[in-house]
Amino acid sequence: MSEALLEVEDLKKYFPLKGGLFGGESGAVHAVDGVSLKVYQGETLGIVGESGCGKSTLGRSMLRLVEPTSGRVQFNGKNVLKLNKSEMRDLRREMQIVFQDPYASLNPRYTIQQTLMEPMEIHNLYERSSRKQRVESILTRVGLDPSYASRFPHEFSGGQRQRIGIARALILNPKLLVLDEPVAALDVSVQSQVINLLEDLQGDFNLTYIFVAHDLSVVKHISDRVLVMYLGRMAELASSDDLFASPLHPYTRALLSAVPIPNPRVKRERIILSGDLPSPVDPPSGCVFHTRCPVAQDLCKKQVPEWRELRQNHFVACHFAGEL
Amino acid sequence: MKVSSRLDSVLPLEGEEVGRVTNVLEVQSLSVEFNVNGRYLPAVSDVSLAISEGETLGLVGESGCGKSVTSLAITRLLSKTARVSGKALFGNMDLLTAKDKEMQRIRGNEISMIFQEPMTSLNPVYTIGGQISETLLLHKDISPREAFAQSVEMLKKVGISRPEQIMHQHPHQLSGGMRQRVMIAIAMACNPRLLIADEPTTALDVTIQAQILELMKEINRDFGTSLLLITHDLGVVAEMCDRVAVMYAGQVVEQGTVDEVFFNPQHPYTRGLLNAIPKFDAQSKERLQPIEGNVPSISRMPKGCRFSPRCPHVMNQCVERPPSLFDVDDAHLSRCWLNVEKEA
Amino acid sequence: GCGSTPTNNSTNNSTSTTPSNSTTATNSTGSSSSSTPTPGGTINLALPPQTNLNWFLPLMNAASDSVYNSQIVDQLYKPLIWINNDYTINWQSSIASKITYNKAGTVYHVFLNPKWKWSDGQPVTSKDVLFTWNVIKAASAKNAPSPWPFVGAGTGDIPNGVKSVVANSPTEVTITLDKPANQQWFIYNGIIQLTPMPAHAWDKKSNIDSEIKYLGSNATNLMFDSVVDGPFKPVSATSSQSWVIAPNPNYAGHKSVVNKIVFTYEGSTASELAALKSGSLNVGYLDQSQLGEKSSLTSQGDKITPGYPFGIFWTEMNMWPSSPTKSIFDQLYVRQALQMGLDNQGAAQDIYKGYAVPLFGPIPSTPKTTFLDPNLKNPYPFNINKGKQLLESHGWKEVNGVMTKGSQKMKFTMMYVSGSTSSTDAAELMKQDWAQEGVDVTLKPVPFSTFISVTSNPKDTSWDLATGSGWVYNGPGFYPTGGQLFASTAPSGTGFSNAKEDALIQATHVPYATQQQTMQHFFQYEDYTAKELPFLWGLNVAGLSVTAPTVHNVNKYADPATDFPQMQYWWVSSN
Amino acid sequence: MIIQPALMDEIRSQDVLDVRPGFMKRFWKARTTKLGVILLGALILFSFVGPLIYRHSATTPHVLNTVAGPSAQFPLGTDSLGHNVLSQLMVGGQSSLEVGFASALVSMIFGTLYGMISGIVGGWTDTVMMRIVDIILAIPSIFILLFLNVVFQPNLLLMIFVLASTAWLGVSRLVRAEVLVIKNMLYVEAANALGASIWRIMARYMLPNFLGTVVVASTLGIADSILAMAGLSFLGLGLPPPAPNWGGMLADGMNYMFQNSWWLVYPAGICILISQVSINLVGDGLRDALETRQR
Amino acid sequence: MLKYIIRRILEAIPTLLGVTVISFVLIHIVPGNPVRILLGNHYTLERAAALSRSLGLNKPLWEQYFIWLGHIFVGDFGFSYVYNKPVVNMILHALPHTLAIVLVSVMAAHLFAVFLGSVQAYFQNTVFDQVATVINYFLYSLPSFWLGLLLVIFFAIDIKLFPSGGIVNTNVSHVGFFNWLHHLILPVLSLFLISVAGWTRYMRSSMREALLQDYVRTARMKGATEFRVVFVHALRNSVLPLITMLGLSLPTLVAGALFVEEIFNYPGMGLLYWNAINNRDYPIIMAVTVFLGLVTVLGNLLADILYGVIDPRIRYR
């Protein structure tokens, strides 16, 4: 954990909303609003937050799958947002993504073989015969029988499809893998298979993970560091142990207390947040969390809290963090 | 080898008057088959459940194991391609053979249901108020004005602020959590004796999920409504339920009090499930212990024990003969040959 | 130019110059009226499909000059001269009682019959004729305001050949020409156009230019015709629906028997037939392509009567200078051979079920008129072998079924007007017969509008033969010489040019001392044209009128040659 | 706790989910679809193979035998010029089906290209291209057809293009809608993440995934074209004789509606009816088979 | 909602302008000079020149277009070449007739299709459904002119229940409402039969879709009767796509009306257009095209608004 593999600075992504008179823009969804972070070689950075808080968008902006509105993304010393098309294509070999919905992310008209050959064909890697070999070996590696290669996605179960998705991302030997809720759609029994697989692969291939999820137990289990997002902004960032043991942000606390624990004998005090996530089209003033915050003060409505390193490597954006 | 009567614990014994526990609902040997391309496939086989007054019964299991089908079979909301057998006694009426009229009277009035998808379960073209009042108007002899007033009351009860305003809004104007509250308000409008909640929080965020679970607890407490809570989240079960039934591939494989099932799991599947989930409260990051393999599809159910292909303890007899539910303990049942061996 | 020939027929809808649409019944078969007329009743008269009435002045513009407009206008305004079906003048029905002229053919005296009155009681006088003349003069100018110019401009020396028109008395008008003219021709083509219009009702404007504008803007309004001198007066008009006229109580001639005549618009041949079958119409038309339905009508008592127009129909050959086949068609023997290969008689029988008469010259044999040379026999009767021999005698040889001579081949593209079964069938039959002669014809159906654009365009070489058009001699000029068709400069010609022909046509325009001399010159023109084959003669196809069994006198008092019926004689029996 | 390894293998092999019946199987499953295929097949055989067996010219007029009822020589009688109706029916089937198929094909190709460009390029190009479609759609297509047919007397080839000239509009809209959906599909994003070019995405991710829908629409378009041709014939603007087509034959037969000459009306009418029903059945069958796949 | 309507109206303007351009250009670039056709056998070069001039056809094309467009803006569609009447009058005369048959038959077809389609969807794959489907297929497949003529033969000629054509009986002196209605029935019935099959099919599949939705299950859960489930809960949702289709299908309906008008001799827009096209009556062809474009665009707009009324999701956008 020395060099930052990926560095993000003040990244913003606003999705314009159409629908004004003359079909003009009538506002924008502030999906990601000023995120800065570093991801180190070999670590797993977990990103959690409620639905719609911008986790996926952040992940996709970092890979430039959506064009960020502003900000800077540095990967391995290269400014990702400044690259031209062919440079970008080359860079894509190094950073890949696995999606939540394994079925939707596979071309239904491709056999598994075709799906896995595709990346090599696009980048024109290897001989034809060795491509096949690679497909076989990667299939074996993700725990699928190579004889499945001629089948279509709809002939597989969810867990198997997710393995295919992972295999596709890995076949180019990337350095960074963005995992956008890779196990959310899977059954519990299968979920653990995939998590184990991901952990094994990380060791084998020396991968760096950005792991997006809203299941806190999974994030806790797999991440080295965790970023908590709220309404497109960073709320808290710390090492996994630190965050779960002593959360600083009231939102993180509420989030952690809300997780149902599969132990009937544990009875906890719950912090129940009132209301829903505000609209990202016009986020609340000041601290975006103040509308639901159980300890909000007047200040929170007016002033945007600073991003502070309250403890070592433990960052938080709250006026009163540490005082609570 | 004693095959349990399975429901001993909750069934009133013949002639016994004192200390009697009333069951709101008794499901006996419910089986559901679907006609798929002319072939009948078993989605639910031989499921027996009982819910007593004021109790919360959890029904857990992975996707496709037949949880929803069970609940829909009880309320007779399955499509016409389904073939249902068994009994579902509600009071002394068998819901499975009741007349349509009778069912319509019971639904929404004595038994209500809420579903997983709050987004699609409400009719997009009618107002919230209209949809809540409808239930009242269908079952109670009251004026629309009264129904409106009672609906507002109901919305207040499920914790919606500005209920009068919400009454005139349409589903798409509400957030997921609000919609689920509205669904609960609809379901609770006639104060039913039994509420079936089919994964009511799966589609919601954790913070919202916590709100809804809290609300359901309150309802259970304040109205004394019995609750059949369907979920795949063991955490939710642990938090909410008195008893739990674990389903696998259309069958109940283990049933007992929450404590028993979580701390003394008998069926290898239950054990596997508990080991497979990351422990939120654990300190160390131990490696997860997954259950290998996949859930069998209903068109290819294994001949013997349905869990046998994935079971770490599989024996020859598991492959050959299906086990039935065996008594492990008082009120603790398990569908595994191992339990018989133990007994023996 | 040669300015003078008799012309013309209706225009206006897509098939109007194809035979199938010409109309009405003959006298010969039309005398079936039985008992005495019962007064009252209504005639529901269908117009041919897709025909609207859209002009209601006796003077028309070119775009509106259709038979059907004339039909209704003729019920409202008596013409100066009424032409009979044999092309003699019916003085009984004419405003004029007689016309005298000088030998030189330069001065004409028209005497008006004093019995005619306008419907408001005023007499019809020379003042009205002069009013018409003034309007004609102004409306004939090239730059006359829309919707003019007058259609008759240029026909029968009107108006430029006329020196003066003077009213000598209320009942006498004198017309003086600049140059001598054949009297017959001038009466039939020139004088006939001066239908009196009610000056006291219409002459509203101080200057003639605003007057013709005023008339033009009211021409499309039937109700403008409030003062009439014909047997009927207008009642109502709805475009694409119906036009209703009722008897004029002040009419000086035979008063109308029926109470009302409704001209009904019809959307299609199918709807017209259905209406006839269901009885909601009692007079209408049957399209030639519907001959198959004949018996279904006759079985319910309807009469089907053929009416032959005074017109000719032909196949034209592209003889424009740029035509690659001009050199072939320029040979008379080729035209003769082609004509001999046409089985007109057969087509009349097989396709038109006898409701068509073969033509062999510029004047049809039916209807019978004085213009047909009684001595003219069909010069080139159908005879495939003779035609073939004729070609072979000029060095043509049949190679692979096609007559060939050097680099030339008898391989032609023939256009025909699409859209009607019978015209298609006719074209196919021609192709078949010619094939036996070694003439290979490729059929090319085109819409009527394209047909006339293409055939009149001297530069267009996309066709060699074209069949399906024709000419009806029914106004504004009625004198049937073929200046517009056969002369070298003829606007409707197709490149045929022959000095002798031109001279013969010119000769028919010159004044002669006697009627006999006039006719002699006419026959010379007619015989020469028949033999010279500027066009290949086709069939005069009858229009088929259908009359319900309860309607009488329709056929007797209809004039299929000119298409002007005398509806005041028509009557309906109550059953 | 002893288990034979062989048995275990057998159990484990059930890992893989059900393989759904293949497309053709699903397509062929429905009784109505079968009926449609059989009827359509029969029509095609009748029109294209029929004339090889029943060798009797369709265009030779037998002028002595017009509008004759069925006889040994003319099994379905003759028309107004003595054409053999049975032969005409066969040859007419050829041109009807050819025009139907070809115009559907032309409109499919053009509409697909147009819709794909519009959907993929997006922005102003999309707005303009779709506005053009809107504009043409705002004019009743029969009006356009009438107009074109009045102006250009159609032959077989022209007729194909005339019919396609309005039929492609629907296809292009359909394709665009599909492209917009597929554009946002995760698998397209996955391809993006792999660095696939736009052409690759178009050809290998989009086209195969909406082609089915387009084929269904075009199949139904065949029926529409045949019907439109009949309508034009009725207005006198159909394909010109002597080469017959069903629509023209039926339209001509209308001149004999009141007469008892049923052979001039019903055989052609029934052929059109069967072609419509069968093509629609096949189209619906295709649609159903496709839908199952998407679910 | 208001904003939405205004936006849709503004969006319609380029479409309408496009329609004017297309109708103008299409007509003027094709061969077949109207002057030649108008003059027929009266054709001479002099007359043609005069007529061209008086019709304004001698000006450059773009100039003719802008002159025409300028006139359109003030509601002046010019004079018909053939009838010499203001085109607007002719259209205003024909339009009500077409509207009458189209509106009445569309309403009837929709009501019927909504009902039958719903019932079919509810009882899908029963004998009833299959019989109805077969009849639908049959109607759907019948060429409209054939259907129209069959109706004429049966109703007007064989049993003489209705007149064979026209809009009123000119025979009677007093033309009343019932006379008009009597003439309306057959054309409306034809158009109804032509369109009802398609709509029913569409409604059936739309209702099938709706019946699978979660809210239908919710309604049943509440204890609603099956009638209520279908006709209150599913119906309103399943007619939504029908409404959009209705807007889009206006041109098709007008096309159907053309055949019906031709067969029943009903003097509406279709017949007007057909006449004009045969006569090369440019002003009418163009005006009818523009008019129908306008009607179509308005129809779509109306459908959108109706959609908004039924579907609140649109209303608040």
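Lettered A, B, C, D and E in written order, each chain numbered from 1.
Here, contacts are C-beta pairs under 8 Å (C-beta built on N, C-alpha and C of every residue); 3 or more make two chains touch, one makes a residue touch a chain.
Please read these numbers as outputs of a predicted model, since none were measured by experiment.
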Would you pick out the chains that touch chain A and also touch chain E? B, D
If chain centres are mean C-alpha positions, then the most distant from chain C is chain B
More Cb-Cb contact pairs, comparing C-E against B-E, go to C-E
How many angstrom lie between the centres of chain A and chain D, each centre taken as the mean Cα position? 47
Would you mind pulling out the distance in Å between where the CA atoms of chain A average out and where those of chain B do? 33
Just the number, please: Cα centre separation of chain A and chain C in whole Å. 88
Measuring centre to centre with CA averages, how many angstrom lie between chain B and chain C? 91
Residues of chain A touching at least two other chains: 157, 160
So which bits of chain B are touching at least two other chains? 294
Mark out which residues of chain C touch at least two other chains, giving numbers and ranges. 270, 277, 447, 449-450
What does chain A use to touch chain D in their complex? 60, 63, 65, 88-90, 92-93, 96-97, 99, 101, 104-110, 118-119, 122-123, 148, 151, 154-157, 160, 165, 168, 172
Which positions of chain E touch chain D when the two form their complex? 14-16, 18-19, 22-23, 26-27, 30-32, 137-138, 140-146, 149, 153, 157, 248, 251-252, 254-255, 258-259, 262, 273-274, 277-278, 285, 288-289, 292-293, 296-297
If you look only at chain C, which of its residues touch chain D in the complex? 269-270, 273, 277, 287, 289-293, 295-296, 346, 350-351, 418-422, 424-425, 428-429, 432, 443-447, 449-450
For the chain D and chain C complex, residues of the former touching the latter: 61, 63-64, 66-67, 80-81, 150-151, 153, 236-237, 240-242, 252, 254-259, 261, 264
If you look only at chain C, which of its residues touch chain E in the complex? 7-14, 16-17, 42, 44, 50, 52, 54-55, 62-65, 142-149, 151, 154, 216, 219-220, 238-242, 244, 262, 264-268, 270-272, 274-275, 277-278, 280, 447, 449-450, 452-453, 456, 471, 484, 491-492
